[in-house]
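One chain, chain A, links the two complexes that follow: it is found with chain B in the first and with chain C in the second.
Let's look at the complex of A and B:
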């Protein structure tokens, strides 16, 4: 159906030409699903854009062909390509929040293509749009067709986008990270929907994702991309359970498994090679624990049994597991504060009956007799929450977007003011004090943010960023501050010369390390980690999680670890709290919650997690699909 | 369906310990754009001429000499002479200082008031924002020249008052820009981090937000300088700014008005000079905008 042959794509950028794809060849057979997997920078989105003929003008294609049903898309003119997109290929993008035009009705957007490409009248297109919305499992499609995008939830919007892609009766569907912006339960529904559509319509799919668990549910075959090259390709189960290429091994080892609590996660050291001037030999060699002098030679994609692997040592490596590197093993004796001082019974943080309300709008004006009245629309992202965190303990907080986890974290630290409830931090009641009397609490309790790009002031060097809290709280004499900064960098395993860098000169994982170091600068006893790894690639995520675990062991800090990813929380946390619509629905020890969840919502959440191990339930209805209509 | 594929290939990837030494160094400095070079050259030359005026002016700028009235441009008087026989070129050079001083001081006034206003409005929101911004709206509703006239008509004219009045007129655009930049910066997590270590409000405003707000403000300010020069000249033209025998460009044009038919060069010279200065500063501002734009910088930094 789709055959990409020896495709090379280069982008011209201000910093030089980048080779985004190098001689990528793959074929998608009719009616099958091929998944392209890779971390950011691997070139996976470029493949999708190239296949649609939508590459930006900076792109240059020195070599390659993209054959769709025998025709080369690259040699077509713009009009032919447009016609192809309008009729035989459908595309679904990642972010359902920005792709829909906010000022057009859903039905008009879904049917738009039919008017342009099929010559439908407005009315017929709208009627067809309603049928399509019905097909993608939207209840009451007539009403939804008349709605505007802001009235729909993320999952509904993604369904509408899929409906739009199906409008032209395409044979090939290209999906670029279609579930990445969605919650796991919604994600599971969308994956089920895609699977049923594939079966019903005989669709061919090219599915692009960074999430191996998602890929396992949907794809027949998977191709792993690294630095613009396919490093391994084969049947999904085969590759995921028995990866051969070292990169695929590392990627899989870095994913925390549900119900398998290991001491440390494996991580892949190093970073992508400079794509302006990619190495001639193996591109992964510098990060590869199995690298040999042979790796310097150019590597080719070879057939090994039923799959293709780009590694000269493929046969030898088949049964060797990715080593859990000792790179960030603790360098000082492990002291868990909880174990060292069992006499301490006072929890670091104790929250009781905490409630935060936001007034969304004042509500419409109406009259009760002669008196004007308004009933304000109020939401409670934090609704009567009570919890305790013991010294040196990690309390995991799980929930989907909008469940109030971030608000809870910030309310505890008084960055957002609570409406009612008491907060005690390190034995001190802080909920009734004015902001300016919070000095000692601010030192004791710190926060690490989600987005490493936004959490560091871009105009300050790392030295200034880390030195300021020390200076602010007078924790060291001015002359000793540089030494303290170096000690902090060492603690998060960054070399001392990073002190002179600015945030934009570092990678995402490095920035997150600085964010952690900044929180540690005040020598806190409690840190709110607000989705600290969500913005990072899998391999980096593992290293940060390991770092957080080490720091907890060494310094005895307690964390409130907030994440939407229950497998990471389960890996790190001692206890887990589950939030749903502002309420805490379940709290208990990590093992208990994972093994025998009590609340129906927790059960639903756990069953929706896309996993790379365990029984395959992807190609059948999951526990959530029965609720597919309640989206 | 516009979608930028750039992140897919430019986002810096994973970093861990052992390969840290080949982490990306500072991005290479982008070569200056032609626009910026031209702006720098023109503005720089004019500033230099203005500063050196007393020493390079070929004739005294204020000596009246009835024998040399209305001489067209010639070898001795390159730009001719005016109704009192004064050398136009020398007056022009001396006037450069007045115009520049006018533009710069007026802009400093509007920055000094507008930036704190915008920072406070954008950071505190609520009624402070409303009060400050509605005040700015009122100021904006008054035509600039009217406000200048109002201030200057009731008190004896003087150059410093003109500068003050013009600076006042240009507070609203500066305050609005500062506010919008602050609004977006206030949501950044590094501001939350500063609050989480109990930093004072003034530290957050002036040490965390302001350094990030500078680039757009500098660009805006440089463009405001040109507006201020023009408005200052207009007020001088109306007799409400610099007073004779001062050689302000606006005043020179005003005085030359009656002789436009006989001696057009007297008005043309300051007119062209003003034009050149405004173009120079605008080029400089636009060039700086491209260079200082933090988004552009971020894109470069990651490539």
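Let's look at the complex of A and C:
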């Protein structure tokens, strides 16, 4: 159906030409699903755009062909390509929040392809859109068709986008991270939907994702992309259970698995090579623990059994596992600082009956007799929550978007003011003090934000960023501040010369390390980690999680670790609290919650998590018939 | 939606009340005595005092204001002290002529400005874009009276196609009427293009890079549909607000342009009544300008709501 042959794509940028894809070859057979997996910068989205003929003007294609049903998309003129797009090839994008036009009705956006490809009238297209919305499982399709995007939830929007991509009955569907922006339970629903559509319509799919668990649910075959090259390709279960290429091994080892506990996660050191001038040899060699002098020679994608691998040592490495390396070595985590300290009975954080309400709107105006009345619409993202965090303990907080996790974290630190409830931090009742009297609490309790890009001031060097809190709280004499900054950088394993850098000169993982160092600067006893790794790639995420675990052990810091990713929380946390619509529905030791969840919501949440091992969820009864169809 | 319009209308009324107080207050403070102005410089103090009593000028200022405002509401705008005629008809005539001029200019500013903005956005960074930038900036950077003179020199003195000044009613023939409108219109349009075209350009560039435009292309829609239906709809939102503000600016612009071209509209009436200390006319004219300004803003908000569904349905709950 789709055959990409020897495709190379370069982008002209101010800093020089970047090779985004190097000689990528792929085939997607009719009726099958190929998953393209890679981290940010691997070039996976470029493949999608190239296949749609939608590359930006600064892209150059020195070599390659993209054959769709035997015709080369690259040699077509713009008009021919336009006729193909949306009619025979459908595209579903990553972020349903920005892909729908905010000022057009859903039904118009779903149906408009039909007007231009099939010559439908506007009314007919709208009527067909309602049918399509019904097909993708939207409960009230007439009302949704008339709605505007901002009135719909993320899952509904993604369904609407899929409906739009299906409108002209395309033979090939390209999905670029279609579930990344969604909650796990919604993600599971969307994956089920895709699977059933594939069966019903005999769709061919190119599925692009960074999430190996998701890929496992949906794909027959998987291709792993690294720095613009395919490094390994084969049947999904084969590659995921027995990866051969070192990068694929590392990627899989870095994923925390539900039910497997403790120690440290494996991570991949280093970062992507400079794609302005990619190495001629193996592009992964500098991060590879198995690299030999041979790795400097150009590597080719070879057939190893039923799969293709780009590594000269493929045969030798087949059964060798990814090592847990240097900084990630399980730093004999037997002794934790908190354990060594004399048993403190007082928890570092104690919260009781905490409630935060927001007035969404004053409500519609109505009259009772002559009296104008309004009933305000109020939501409680934090609704009567009580919890304790012991010294050196990690309390994991999971829940879906909108469940109130972030608001809870901010309310505890009084970054958002509570409506009622008491907060005690390190023995001090902080809930009834005015903001200006919170000096000592601000020192004891800190926060690490989700997005280091927006939480680190872009105009300050790292030295200034880390020095400021030290100076503010008088934690070191002015002359000693540089030494303290260096010590902090060392603590988060960044080289000392990073002190002179600005945030934009660092990678995402390095920035998050600075974010952690900034929180540690005041020597806190408690840190709220608000989704600290969700903006990071899997391999980097593992290193940050390990760092947080080490710091807890060495410094005895307690965390409230907020994340939507249950596998990570389960890996790091001692206890887990589950939030749902502002309420805490379950709290217990991590093992207990993972092994025997009590609340129905926790059970639903856990079963929705896509896993890279164990039985495959989602491919239920429908999966069997799909395999018959695609055979 | 009804509640929204009603709320906005109440605001407009409040604004007009405030403006009327301001206008009345300022003109009352001016060192010009209406009675004195009416009677001329040879009047005796007794005569002046008698007239002051008759006109109620010795009453407290708030009583004077209420009487004036009440008259305004009942359609009695008072009399021009200079022309000794009721202000109503004078004003109505001037407003009609000015609205003709500003209306035509406004439509041209909107159409040409948005058009240039789109073209510049689609060709951004290329010579055409730079050309449009330079031309529109020249229009806004150099004062209107300069362009008015340039237009007169080119079209009236040099080419001799258009009259240099004046006004002819429609009854004198369509061409005669239009001929007198062209030169002031060109001047007004040129001076106001930059706002609209620059804003349209920048929001259009931003919107063209948004994911939903890529998504529209991925649906295989023709580029024309992508630009006009998907992108422009969103890119015009900020432009609509600025257009309404520009309508207000136009009301200011006509003061200069009408004076240069001797076009007997509202702007010239304002200048004329200032020069001749015709306070009642001045007050009425300024209040009318303020009213036009306020309603233009109201219209902008309503249009904005019409095109932005997030506002239409009340507060954005996101």
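FYI, the second predicted complex is superposed on the first by the 606 of 631 C-alpha atoms of A that agree within 3 Å, B and C clash if a C-alpha of one lies under 4 Å from a C-alpha of the other, contacts with A are read in each partner's own complex, and residues count from 1 in each chain.
Note that a residue touches a chain if its C-beta (ideal position, glycine included) is under 8 Å from a C-beta of that chain, and two chains touch if they have at least 3 such contacts.
Everything quoted here is computed from the prediction, not taken from an experiment.
Undergrad: Would you check which partner chain A:360 touches, where first means chain B only, second means chain C only, and both and neither mean what they say?
TA: second
Undergrad: Between chain B and chain C, pick out the one touching the greater number of residues of chain A.
TA: B
Undergrad: Does chain B (first) or chain C (second) touch A:469, or do both, or does neither?
TA: It touches chain B, and chain C stays clear.
Undergrad: With the two structures laid over each other on chain A, which partner does A:80 touch: chain B (first), chain C (second), both, or neither?
TA: Neither: A:80 stays clear of chain B and chain C.
Undergrad: Between chain B and chain C, whom does A:117 touch in the aligned arrangement: first, second, both, or neither?
TA: In the superposition, A:117 contacts chain C only.
Undergrad: Using the superposition on chain A described above, determine whether A:69 touches chain B (first), chain C (second), both, or neither.
TA: neither
Undergrad: Could you tell me if A:99 is touching chain B, chain C, both of them or neither one (first, second, both, neither)?
TA: A:99: touches chain B and chain C.
Undergrad: Look at A:303 in the shared chain and tell me whether it touches chain B only, chain C only, both, or neither; answer first, second, both or neither.
TA: In the superposed model, A:303 contacts neither chain B nor chain C.
Undergrad: What part of chain A is shared between its chain B contacts and its chain C contacts?
TA: Correct list for chain A: 91, 93, 99.
Undergrad: Spell out the residues on chain B that touch chain A in their complex, using ranges where they run on.
TA: That would be residues 1, 3-21, 23-28, 30, 188-190, 192-193, 195-199, 208, 211-212, 294, 297-303 of chain B.
Undergrad: For chain A, which residues are in contact with chain C within the complex?
TA: 52, 54, 82-87, 91, 93, 95, 98-104, 112-113, 116-117, 148, 150-151, 161, 164, 360-361, 364-365, 377
Undergrad: Going by the contact rule set out above, which residues of chain C touch chain A in the complex?
TA: 3, 210-212, 214-223, 225, 229-230, 233-234, 237, 307-310, 313-318
Undergrad: How about chain A: which of its residues touch chain B in the complex?
TA: 11, 13-16, 18, 20, 39-46, 49, 55-56, 91, 93, 99, 228, 267-272, 275, 286-287, 327-328, 410, 413, 415, 435-436, 438-439, 442-443, 445-447, 449-451, 454-460, 468-469, 472-473, 493-495, 504-510, 515, 518, 522, 537, 539-540, 543
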